[in-house]
Amino acid sequence: MLAEKDHFKEILIKGIWKENPVAYQVLGICSALAVTVKMSTAIVMGIALTIVTAFSSLIISSMRKHIPSNIRIIVELAVIASLVIVTDQILKAFLYDISKQLSIFVGLIITNCIVLGRAESFALANPPADSFVDGVANGIGYSLILVCVAFIRELLGSGKILGFNVIPGFLVDMGYQNMGLMVLAPGAFFIIGLLVWLKNNLPGVSHEEN
Amino acid sequence: MKWLKRIFDKSEKHFSGSGKLAKAHALFDATKTVFFHPLRRTAFIPFLRDCLDLKRYMTFVLISLVPVTIFGIYNTGYRAGLGSGVELDLLDSFLHGSYYVIPIILVSYVVGLFWEILFAGIRKHKISEGFLVTGLLFPLTLPATIPLWQVALGISFGVIIGKEVFGGTGRNILNPALTARAFVYFSYPVSMSGEIWIPNLGAVDGMSGATPLAVAAQGNQSILAALSDMGFALKNLFWGFVPGSIGETSVFCIVLGMFFLLVTRIANFRIIAGGIAGLIFTAIVFYLFGEDPGSWIKAGPLYHLFAGSFLFGITFMATDPVSAPGTNEARWIFGFLIGFFTVTIRVANPAFVEGTMLAILFMNVFAPLLDHMVVKYKVSKRIPNV
Amino acid sequence: MEKVNIFKGFKTRLKGEPDLSIIKLPKPSTIAVSALDIPFIRPRILVKDGDKVKIGSPLFYDKQNPDIQYLCPGAGVVQKIVFGARRRLHEVVVQLFEKEYHVEFESLTKKALGTADTQKIIDILIKGGLWQCLRRLPARDTADPKIQPPLIIVCLNENDMFAPHPGLYLENETSFFELGLSLLRKISKRVVVAARKNHLEKLAPLNTNITHVIPDLYPAWNPGAILFHIKKTADENNAWYVTGQHLLLMVKLILTGHYPIERIATVSRENDKKPHLLIRQGMPVKSLAPSLGKNDLITSGMFSGRIIAPDSHMGFFENTLNILKIKNEEEFLGFIRPGTAKTTVSNTFLSCLFDKPGQADCDTHGEERACINCACCHRICPNDLMPNFIMKALHGDDLEDALDMGLLDCCNCGLCSYTCPCKIELAHIFQDAMNAYHKDKE
Amino acid sequence: MSEQTLENQGLKGPDKNSRLNVIKFALLTSLICSLLITSAATGLKNFQLKNMETDRKKNILKACDLLDSQKKASKKQINQLYTANIKEVMVNPEGKIIKTHTDGALKLFLYEKNDGKSGYIIPINTRGLWGKIQGYLAFENDGQTVSGFSVFSHSETPGLGGEIESTWFQKNFKGKKIINSQNKFVSVGIAKGKVKNLPKEDRYNYVDGISGATLTGKYLSEGIKETLTQYNPVSVTFRQKQLRIKEQKE
């Protein structure tokens, strides 16, 4: 039982930090650029992706012994696409404002390399429970980076955190301006690049050292 | 100069090995080599070497920037006076201008140097002279009213993202000074775009109005008439008595610097000539086939050449050897396309009227590709020898 | 006479050009054969300390090519055999006798030389220790006697700017030289003789034999540069070359049966106009340049030679010494001085306005920096290479790419390193890469 | 672990990879997936439509200041406010309210607040610098005073043209007139720079511009003018005889 726990823990750490999908595998950059202007969208996107990845991994893993190998990718895509569409519909129904801001990017979870990547590289070769944990871990890893990037972009670009103004008035009076670049897509590029750089190079943070 | 040498020799031990200030060795070394040209015997063929080194190379770019800088300071002061309704004399203009411009240059150098030293310390290499140029070029492309903290952020971005992430001078693909400017331009558009910037003596707010490039004629007026109405006659643009970024206004001073760079062959004439040719060609094409008489389409080549920052960019930014192509044929293409894109962006992109910066950065990215194509072509022409 | 169009190169004049008189140096007490200036050699010693040798006795041979022997240019006792690091042979020093004896080789009369079999001549040359004067491009290793070369280039000038003037060593030797050319024509169908434009007057008696005229700028007389500009097909890349002096020696060997030991050499030094010297092969450096100071660096070619230790001897291929000043005073604010007396090919010093001969010193004049892609190296390369791109390709271990861009066309003139404002050792990098490639291919 | 699994797959391989099996599996998967999607789409459709409707209503309410753009409001509140205060009507080009749809009919929203203030809202649909700008412009019932402006969607440069969605810019419109002192229609425009630098007689017809976004302002001004010219008969009607929701209800 204990060993089981450690085993899951290891998968979790691997997905969230050591082999972080964005910072290490450099997957899912496209949506990371698009939805990180605000933290709220980033969080919702993170949750959506985590759910889709976790359940697609679970489903595919439990079917892995029955999926014919020559239509493997198509089956995986069908499962993922169905999950994505359902998620999108739910968002539209219950979180309309955010789904409007996420626009097509929820739909594009289908093409998010993380989901298919985990299905291909992990779920096809591991039991359902492991795959589910792995999907969750990777989803959280992705969300973590997304939220970090969104935090920086929202703070610098709009002077807000989760929609609340945090820049004190006297700073604005002294001439503070929001950094417009952070609102543009390249801003996310720079932030992600710098994060990856720091993660892989800062002594003590980098896992490559250990 | 013996005493100075002695000071350096004495303090060397603090900066090296286990000295207290060993972390600042790069700074010490940079300072020392400025005063005393280092001696180093040749170890490999050829046993004699040219006297030109990178320090002198970069210093010459600085020298070429002197006229532009001095005129920029004067013009800033003079404009500030006009903005407050006073006509200042030469000295007063200069003093007032210094009050605005010198802090910008200082901030740019100090902050940039801080990053340079930090990276030189971590990577254990020497401070590269290229920064001397970046540190002055960047402020010259800014309006005098820019807040100093934006200057600091800009130069930090330029040095880190524009240069150090690639491994330092010589390995960057973009011109760091332009990268810094682009950062400020997109981050703080209010301070940087569309309007001109005249500090107002005493008041906090600057005045603003349209830059020559943002001028659009009203009604049936032609663009040329509109420009001269606003005080942007060709003569004023040539001498530089117009508002604008600190170093970019005076065509005359830029041409002085250009001449110096060309005579000393620091700047490659192909880039400059190609650029001017590209600009004139494109401007003429637009002039002949364009429709709208009130827009810059009909401004003609001379106005396109003199207004905005094209000449400044093509002379000092595009000729940066690191980010420009290294083959002669590619340099012609590179220059020509910068001219072409400058006019195209000015005419076709209403949001970012000043196309030079975007054109140069864009072509910077393509420089290695141009080089690659030229090299491949030359290789195909060669009698193989393997 | 065909004109070779070489436009790029080192056009500045330098101080210290030797004048055109000849002085014969007295006989030295020691003489040596150096292995340091012989490319790719893996020597095996044939003598030991105390052995008696004659002029023409073999001292060592090349393990890769045992036929190629290096002969002693004097008769005496082997005094010492000098080894360097990792037992690398530096030189074999011979203490000379008062009276010297020759080893007798087979000789031919002038007439017999004209009709002799090619193989016979080759045999005499190999035995007589002068075959190695023929070198093969691009690696500049010893020519292979079994192969017929596409062409042979006779370089009247050796590698240095101040190498012996051909007009001097060819004076009154026209017939020998013509014999030499006929000898080369037996080996190859095409023989190219290239002379510097301003040497033509002095070479008037030979004018009918000169096939190509080269401009008067360094390194137009480099065989690599000549070949690059005259070659039409890829087969010609492996052309051979021989210097004018060596060709004369070869003829003399065949005619006399004695190993020839005399050469014309030059010593160049700033602010010093030295005469040409008639020396023996392998003379001590000190007897050529008696007044050496501590601040002197001695090389066998300013742009493409080697550094010679003051107490060693001249090499087999070396006929030039340059004495370069070592600077020991740091220049105050040196990077910004107007510089009225600087040697430069750039336009950044006032000295570029005057046509004064420049001074030569062996300082790098700056520190090494990363390449800024200024393409100064391309601007000066006589063979129109793009050294900055080749260097980057080599840096990225992409030898294929470097070869495509013409690495092997490099004539090792050293001008790219000379002109580089970032002080990158381009020529050294290329030489290393070419040597490594050559060794790999062997 | 994975090797083991691969082995298992290998053992089971020939069976599950038979052509019949592939077809069966594909059909089954498609069936389940399509069922899932269909049920989700149909089951949630009503919620989604309602959401879209509410979003539109919210923006209309914002334009006439019935809803504070800073505060969040629940769907219920929005719907209540809308039904209580807003009425959607069609007008013909002459400015008369019509019951049935005809060609050239224009959409118009009438509002009446609890404090008695009433007026009308015109939908704005114009080109911006980079894309379409959609919004609502609200008027008081004198037919000349702007009472509010809201932007529904746009794609202008963030920080420059994008400022049109900021509160200060939208508040700017409040109290501006669309006619000049001679009672001639001139529309309301966006100034280059600050209104205080304009000649006195123009100040009521212009709002402060966004610095650095001259062109967004230009296009928006043009768009507003065009729409207002179309709607001019309506405004004229209002100036002469105010229309009220209540009258319409009767």
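A, B, C and D are the chain letters, set down in written order, and residue numbers restart from 1 in every chain.
Note that in this section a contact is a pair of C-beta atoms (placed from the backbone, for glycine too) under 8 Å apart; a residue touches a chain by one contact, two chains touch by 3 or more.
What you are looking at is a predicted structure, and each value in this text was computed from that prediction instead of being measured.
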Contact pairs, highest-scoring chain pair: B-C
Identity of the most central chain, Cα criterion: B
Farthest chain (mean CA position) relative to chain D: C
Inter-chain centre distance, chain A versus chain B - centres from mean C-alpha coordinates, in Å: 40
Whole-Å separation of chain centres (CA-atom averages), chain A against chain D: 31
Whole-Å gap separating chain B and chain C, where each centre is the average of the chain's CA atoms: 47
Distance between the centres, which are taken as Cα means, of chain C and chain A, whole angstrom: 66
Shared interface positions of chain B, touching two or more other chains: 189-190
Two or more partner chains touched - positions in chain A: 180, 184
Shared interface positions of chain D, touching two or more other chains: 159-160
Residues on chain C engaged by chain B in the complex (per definition of touch): 138, 231-234, 237, 297, 299, 301-307, 322, 324, 326-336, 339, 342-349, 360-367, 369-375, 378, 386, 388-389, 403-406, 408-409, 412-415, 417-423, 425, 427-428, 431
Interface residues, chain A side, partner chain B - complex: 175, 177, 179-182, 184, 186, 190, 193, 197
In the complex with chain D, residue positions of chain A that touch it: 64-71, 74-75, 78-79, 81-82, 85-86, 89-90, 92-94, 96-97, 100, 125-126, 157, 178, 180, 183-184
Complex contact set, residues of chain B against chain A: 147, 149-150, 153, 161, 165, 183, 186-191
In the complex with chain A, residue positions of chain D that touch it: 1-2, 5-6, 8-9, 12-13, 16-17, 21-22, 25-26, 29-30, 33, 36-37, 40-41, 44, 47-48, 51-52, 54-55, 158-160, 162
